[in-house]
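The two complexes that follow have chain A in common; it is paired with chain B in the first and with chain C in the second.
After this line comes the complex of A and B, so read on.
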């Protein structure tokens, strides 16, 4: 569904910074793909290009064999309806000045085409799906804890009824117990909605638990990819081994 | 207290109600607001109620210090200073409010679009600001006033054709003043707003809005502008006094209000000239102006704190 062909991203400067150097990867429908690597390895850059937030310098990022740039130029809403994004900092990713109802109703109107009154009503259902109550809708983001805010951000992504949700360090800022709750929620939603996830994380333990397939990035290049348990049990490179051991030795 | 806070949280107060509650708790801001509103009401209501006139002369009386008859004294033409301050307040407060509003609307829109667009459009838009900025400030305003004088005088003449609009006489001239001052004051606002937008647009909730397919205008005016209200409000409350001063300067050059009509700026200028012989001519309008400025500052600070969604909770 999502795929990248020799994707490169270079930030101009002296010397230029190569965030991605020819990454070729794909996410199939319904699949959970983890992207792991140390900070600065290009994980987020890859995610942002796939989400249409950044342009690639070279290569091709496609959704259903159609370049992302082409989607954005011809069918912007169609693209955003299919690909959604959950950010690392749940509170920062919600507009502090708008009530939750409005933040959830707008995508329902814009991406799902619901009439305004129906969209406002549907907010309650959406909140119920992520384990929140309908009366939470009239509050503002600052009234919620990190875990609750992340549930709201997930609900907002679901408003579009997407095919794939890109989770960019979506549980990294949360407490360990809250992390587990959010991962459970993501699993449930995948089962009920048939979602695919691109799961970006620096935390190999979380990736191992949650993902089916892993892509290991280092300095903008893929050093290893394969089934999650294979990559972890039998790492092919020192880099992956170091990443793994730094987690499991804790 | 804690109980009440908890209830507020449960009820999920609207931001407006929260801000209002915080503003009311700030005594300096409330005092400032009450003073400015009270003064504006006095300027509008008192002259007709007390039968005051700004132009009635009593040359035999001349300049006299404050007395029971004339609360704040009289000027060299024997005109009541209290009446002239109230009439002047109508002009000064109106110029301050309207010209600041003009600057606010233009500056915020321009700065927000420029900052959000970035790249070439941003550079082009900011060069335009730089160029206008580089023109000598007063010369630019004077040019605008001269340029606007003709159409505004025609508007005046047209207004004079309607008897029931006689109260608006001279309005054309004052409209020109609003436009000229607003056209200069928006520049700084645009720069401040652009700077704020550059930092806000990097925040996750703007990226989140883009991922949800929101168009640039919705993002700018629904998601960015409401979040930069704090600095904008503070700057606006600082713009009002500077606009009032600018008006006095223009009036001095014969481009603002015409004698015998008064504004605070012209009164202060006249007072400063007669400072040694008749200090009350400076003390009266000067104190009112200073108090207004102070009140606006308190109110601006209070509004900024009240509108900060992060204050009061957490």
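After this line comes the complex of A and C, so read on.
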């Protein structure tokens, strides 16, 4: 479904920063793919390019064999209907001035084509899907805890009925107990909606628990990828072994 | 929101009392004899004594303040000796001209300052940003009186497009075209300075908001770029600009003194200059009090508006 072929991203500067160096990877329908690596390894850059939020310098990022840039130029809404994004900081990812109802009604209207009145009514159902109450719709983002705000961000992503949700450090800013709740919610939603996740995280313990397959990035290059159990049980590189041992030795 | 509004309105009372005390002391403590200044150097002692008694200048300062404040609370700002007419009549007549000038400059400041600031942020590090940054720095660095004189030289002397002065009343016989012609140069002078400050700060606000996650989220949701920029980024950048705009409005209300003097604009700023030069204490106090009260009310309005627009502040 989502694929990257020899993807490169270079930020200009002296010297130029090579965020991605020939990354080739894919996410299939219904699959949970984790992208792990230390800070600056290019995880978020890969996610942003796949989400159409950034341009690649070279190579190809595609959705259903069609370049992301082509989707955005010819069928932008169609692309965002299929690919949605959840950011790290849930409160910051919500517009502080708008009530939740308005923030959730927008994608329902824009991406699902619901009439404004129906979109506003559908907000309650959307909140129920992520374990919140309909009366939460009239509050503003600052009235919610981090975990609740992330549920709202997930509800907003679900509003489009996407095929894949890119979670960029989506549980990193949350307490451990809240992390577990959100991961459970993501699993339930995957089961009920047939979603695929691209799960960006620096936390290998979370990746091990949640992901089916792992891509390990180091300095913009893939050093290893495969089934999560295999990668963690039998790492092929010192880098992956160090990442794993730093978490599981604790 | 309502309890906050009531609290702020109640807080206005001590603030305005403090403002009145400062305004009163400002004029009362100026060295020299007010009665002598009014009656001239050849006035005899008998007339001076009579005037001091009439104006309560022979009483202690606290008693003078109490009498002045008592009169103000009854709507009586006293009589302007230099004009032989009630201060209130003079102040409110002049206030109309000042509000017209300041209001025009404020609207232009909002359009130019906020617009230029947003454009600079959206075109960051391009020639558009650099050119506007240069213009903004020039605007901030130029004193309004110097800019006014340059504009007079350019557009009233070398290119005689606009009159440099000559407006006697905003409700005069010349009609709207004459009023607009007289308004052009003083309004432009004030606008260029204040919009430069607003543009500089708006650029920073807009850049900060554009980097925030909710703007990226709006893009990731597939919202049209125009909606992302204006519906989300611009509106959020605008909220912290409200106090800045209120301060600029206050500056325009009271700080237009130089500009009103240069362009002989019949406003409250020019009345303050005239009152001080003729030592018309009551007129000066009345004018300054109205400007200061306007400043306080503008800031209150800005606080309330900001709180209304940003629900995070209403906690």
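Things to note:
FYI, the second predicted complex is superposed on the first by the 250 of 250 C-alpha atoms of A that agree within 3 Å, B and C clash if a C-alpha of one lies under 4 Å from a C-alpha of the other, contacts with A are read in each partner's own complex, and residues count from 1 in each chain.
As a working rule, a contact is a pair of C-beta atoms (placed from the backbone, for glycine too) under 8 Å apart; a residue touches a chain by one contact, two chains touch by 3 or more.
On a predicted model such as this, the values are computed, not experimentally measured, just so you know.
Taken together through their common chain A, the two structures put chain B and chain C in a clash. Touch criterion met: A:138 reaches chain B, while chain C stays clear of it.
Judged by the touch definition given at the top, the superposed model places A:111 against both chain B and chain C. By the document's definition of touching, both partners, chain B and chain C, reach A:89.
Judged by the touch definition given at the top, the superposed model places A:156 against both chain B and chain C.
When chain A is checked against chain B and against chain C, the one touching more of its residues turns out to be B. Chain A residues in contact with chain B (one complex) as well as with chain C (other complex) are 51-53, 76-77, 79-81, 84-85, 87-89, 92-97, 106-107, 110-111, 140, 142, 153, 156, 160.
Interface residues of chain B, counted against chain A in their complex, comprise 9, 12, 14-15, 203-205, 207-214, 222-223, 226-227, 309-310, 313-314. Those residues of chain C that touch chain A in the shared complex are 212-214, 216-223, 232, 235-236, 239, 309-312, 315. Those residues of chain A lying in contact with chain B across their complex are 51-53, 76-77, 79-81, 83-85, 87-89, 92-99, 106-107, 110-111, 135-136, 138-140, 142-143, 153, 156, 159-160. Considering their complex, residues 51-53, 76-77, 79-81, 84-85, 87-89, 92-97, 106-107, 110-111, 140, 142, 153, 156, 160 of chain A touch chain C.
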